[in-house]
């Protein structure tokens, strides 16, 4: 059960409620996010939620039977919109395109990409400075200095940036420079990192685990939310299967199902979802048609020279074509929803 | 290597070629389909294919490095179009909608569905008479009598029908009544059945195995093709994974990749692909956007009363909405391809 | 619910029972096997099974909540022992080693292997005459003539043989020559074949599907059993996963779990379970320690020259060592069970 | 290529070698572990390794074609033995049993378990103080205070302890109290944590990722090794599949294959590997028969009251029986290896 407290709820109010709930065999967690105060209460017995609603300081009470609570759509029907400022929004009618290289490699590369994106109307640039690589001997990214450079150049032209964080100790350093923290698939259940991101006042894009279930993804989002940060984007990036013809299988089913289960926006990552450059476009457009609120795509001036992920990276002309087609698909989707067919 | 013979190629010609190939360490299979005569030759050594082209009776020679040969796009760039007669075509610009119940249940059900589809502009009706069920105690379908009834009613209104065949001995009985033989996921590597369907002069829709690779699917299609039948439709129907939130994961990647690997048309089955009625539409539309040449969807007047697969079956109003949206997506896809963006 | 009828139960008795059950919302299937007469009745409502037990001709009644019924251990606690005659038994204390080549290739090969097995004390020889191969251009086996030759030579020395059947129409031809029919992983849900094997008076070894669940395996066994044949061996042969270091993952868990769920014996196939010759031994011994009632192993005088599966096939000295070790592990397992530790 | 330096190798020596290698298109990483000094050099071109061997300060040079290097068996044939002091060793003939509760819950629980293990001859106790849980509302462990209590009581009786670490910042705090750091499946690719554990002078048990490949596991071990810590135990704990009858599928194949690929000891975790208490014994014994150097098992005085993982936890009498049987299986395995059969 989720309890929404009014702004004038007192600690005394909550203590009394805690006493009542615990006597009835329910746990009680107070969750203070950047914008709201909630109680999350879990128990096996039946309880008359109207009694909970009668306590002083309680604004509203919702039953939520899912294992995740605050990220569930069961209590919050309106979709969450992530506002990045300067008119850049993602969610519910605001389609977000995030594009850029796998790794930040040089100032020239960043400047060139920033110009390309600016001219193409893309408002959010991706780029990794700390790279999680399977082998310790692979390129590990340019680190904080690379991130600063990336941030400065992108912000000059008004682009927002998203970049991956690997551990709690990086958060403070990265904070002034990123607009969205990205949590990669390998860290989907790095709960220390998720908790630490709960206290951050910046949006977090959370990728599904390599073989993570939707329930695990939503519970991981719950870690961030219940530690204080309501601004989360979920990202479907393909799952690991037996099929060897591509790197991953983009789980298209996850897109509409996540949107039904949660009020959080859902982003599709076709680059990792298939891992083959020539098929990023059809898979990405399919993800949009399935209902994604945004797309994150790897792009590079010369993919064959990229320091990582070149085989799944679009060049500029492919990127441009993708953006144009994506916008057309978004438009059709909106028409189909609006005319009620 | 694929060798295409001219129509005046003689047995003597082919014997000489066989001798040459076998001396060079190559196998040689003559494949006589309903419309063409081929040689399929496999070997590990290098051979100068111009020498093969110089043999009498040889029209053309193609190197094909895939393990499957005749179904590969490497030798045949033009996509195959399946012509069902009466202007009903599937493939390359001819989008095919196949709709109907999981199982044929009664004359009334069939008649009602035929009328619904006719009025909705759908030209191909699906319906199972022989049902492969996990448990021997589940409803096994109405059998041949059900199929005859289905066929008669559908053909009266000019609909084509597709129905599943389970074993070679059923083929002759079903032959006069079906327009497309369907091979289910469980029979994807039932090679006896595939061989038998090679000698049939009707199209075959071949579903991918429950955990079948694309290479296995294409090799299974090769069984049909190399036994004489060139008219094959490939069908992506979801794969089995660890995710418990839905019955299968529709492998959206498979659609563009199969189309790149093979000249055969690709059909998407969102009903089995997700297994949840409320999400059949977004997943099906995504499949179209990814490039599918057709869609096969379970539909029923009252899904909750269906004898099988009710939980993934659309009712009439959902079906109607799906058809309208599908047509709009097909149209957009065609525009995006044509204007070259 | 399973109803066991007495030998003097009449059709009239069963009609009355059927009437009662159907009035109470239960289905009723009479199952006549080679040795018993059962009723299998399924329904959702509660029913007092004592009332069923009071009907004339009813010997015993058992509640079985599993989706499979007659193969369940819930009604039959004593394990099934498969008796092949001449003192060759598999199940419950009778450990069965089945060994031999993937494919029958020549008379010399068979004769040599028969001698090797005879001298090593192995009583059951495997060997495929009809081979299910992914590609139509691969070696498809020596066919019926090969099987006859195999059967004659093996039977001369008193070996029992197991060989794979691919379709119902082969059963009659194979019947005089095999001692155990093998159903391969690809045919695990070829229900036509399973039904046809129900009417056969020879044991059937049923391999788990490539990605088949235990419940599907047991339901497939139920097809054979409920069509008349109680003599079934279940076989764990590895499942398909994301791991590329070996062909399959032998599911060691399946062995004790299948034995707990069913009264049928369980055979482990380490050759397909890992697909790498050098690891067949440790994986096979592990399967025995986990509780397998038998093992089926690919062996060949010269694995590197085998026409199929050479990379997972033991040579004679490896086979001999495996047999000796297997016997030691069986002995230890038996000691550990007997002394009650 | 791995270069082993002699103890008198100078920085100057290594600079010259670096220059040579980089000129030949090879990378060069100096790796200083707690006991050795290596160079790891990776490149695509051919190089005459004898030339490398001729450089001053170079003791030995090994070609290693695997993506992981220092953990590979290709250069180090002798298996690594982990010495925990006081005669407790794991690896190559030293079988290690690690047993204890999933979570540390109370002083009484720990004291009781310590006594039980001591009397049963088990020398290593497991117990989690920091618990990674899917949901933020689940019990998260007793934390550092719990760990101190656990450590004190266990060390009093001479037991070694293993406990899970979740993030780099915990390492210093945990250091005085644990004998083995455990990295859980969810953190298998938490590279920040792995790097940090490289500088620790205590052994690390590294669990395979939930759907991690063997290659990923070995590369993750390489992160620890190449950051300085050679004392690593690999742990197979089951992989995620489609099978719903148990929590995971213990990948028995991984055990002999990891031992062939790496010189590090391999531990089997049957508790997580199947997740069902009644089957932990057969699966664990199978793991030993397959070649595991040790086993880690969840045990609790009253599993039904455990705060986590109760459904897969043995009680004392089951634990005792498991220990006795495990020792017998280890003994048989050793006999089978020694007599050369």
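Letters A, B, C and D mark the chains as written, and numbering starts fresh at 1 in each.
The rule we apply is simple: contacts are C-beta pairs under 8 Å (C-beta built on N, C-alpha and C of every residue); 3 or more make two chains touch, one makes a residue touch a chain.
Please read all numbers here as calculations on a predicted model, not as lab measurements.
J.: Higher C-beta contact count, B-C or A-B?
T.: If we tally the contacting C-beta pairs, A-B comes out ahead.
J.: So chain A and chain D: same face meeting same face, with over half the numbers shared, or different?
T.: same
J.: Suppose chain centres are the mean of their C-alpha atoms. Which chain sits farthest from chain C?
T.: Most distant chain from chain C: A.
J.: Could you state the distance in Å from the CA-based centre of chain A to that of chain C?
T.: Whole-Å distance between the two chain centres: 49.
J.: So what's the Cα centroid distance for chain B and chain C, whole Å?
T.: The separation of the two C-alpha centroids amounts to 33 Å.
J.: Would you kindly tell me how far, in whole Å, the mean C-alpha position of chain B lies from that of chain A?
T.: 38
J.: Got the chain A residues that touch at least 2 other chains?
T.: 211, 215, 240-242, 244
J.: Touching chain C in the complex: which residues of chain B?
T.: Spelled out, the residues of chain B in touch with chain C are 27, 29, 40, 42, 67-69, 132-137, 166-169, 186-187, 189-193, 195, 209-211, 215-216, 219-220, 222-223, 226-227, 240.
J.: Looking at the complex, which residues from chain A come into contact with chain C?
T.: Residues 211, 240-242, 244.
J.: Please give the residue numbers of chain D that touch chain C in the complex, ascending.
T.: Going through chain D, the ones touching chain C are 211, 213-215, 239, 241-246, 249-257, 260, 273-274, 276, 278-279, 282-283, 285-291, 321, 324-325, 328-329, 332, 335-336, 341.
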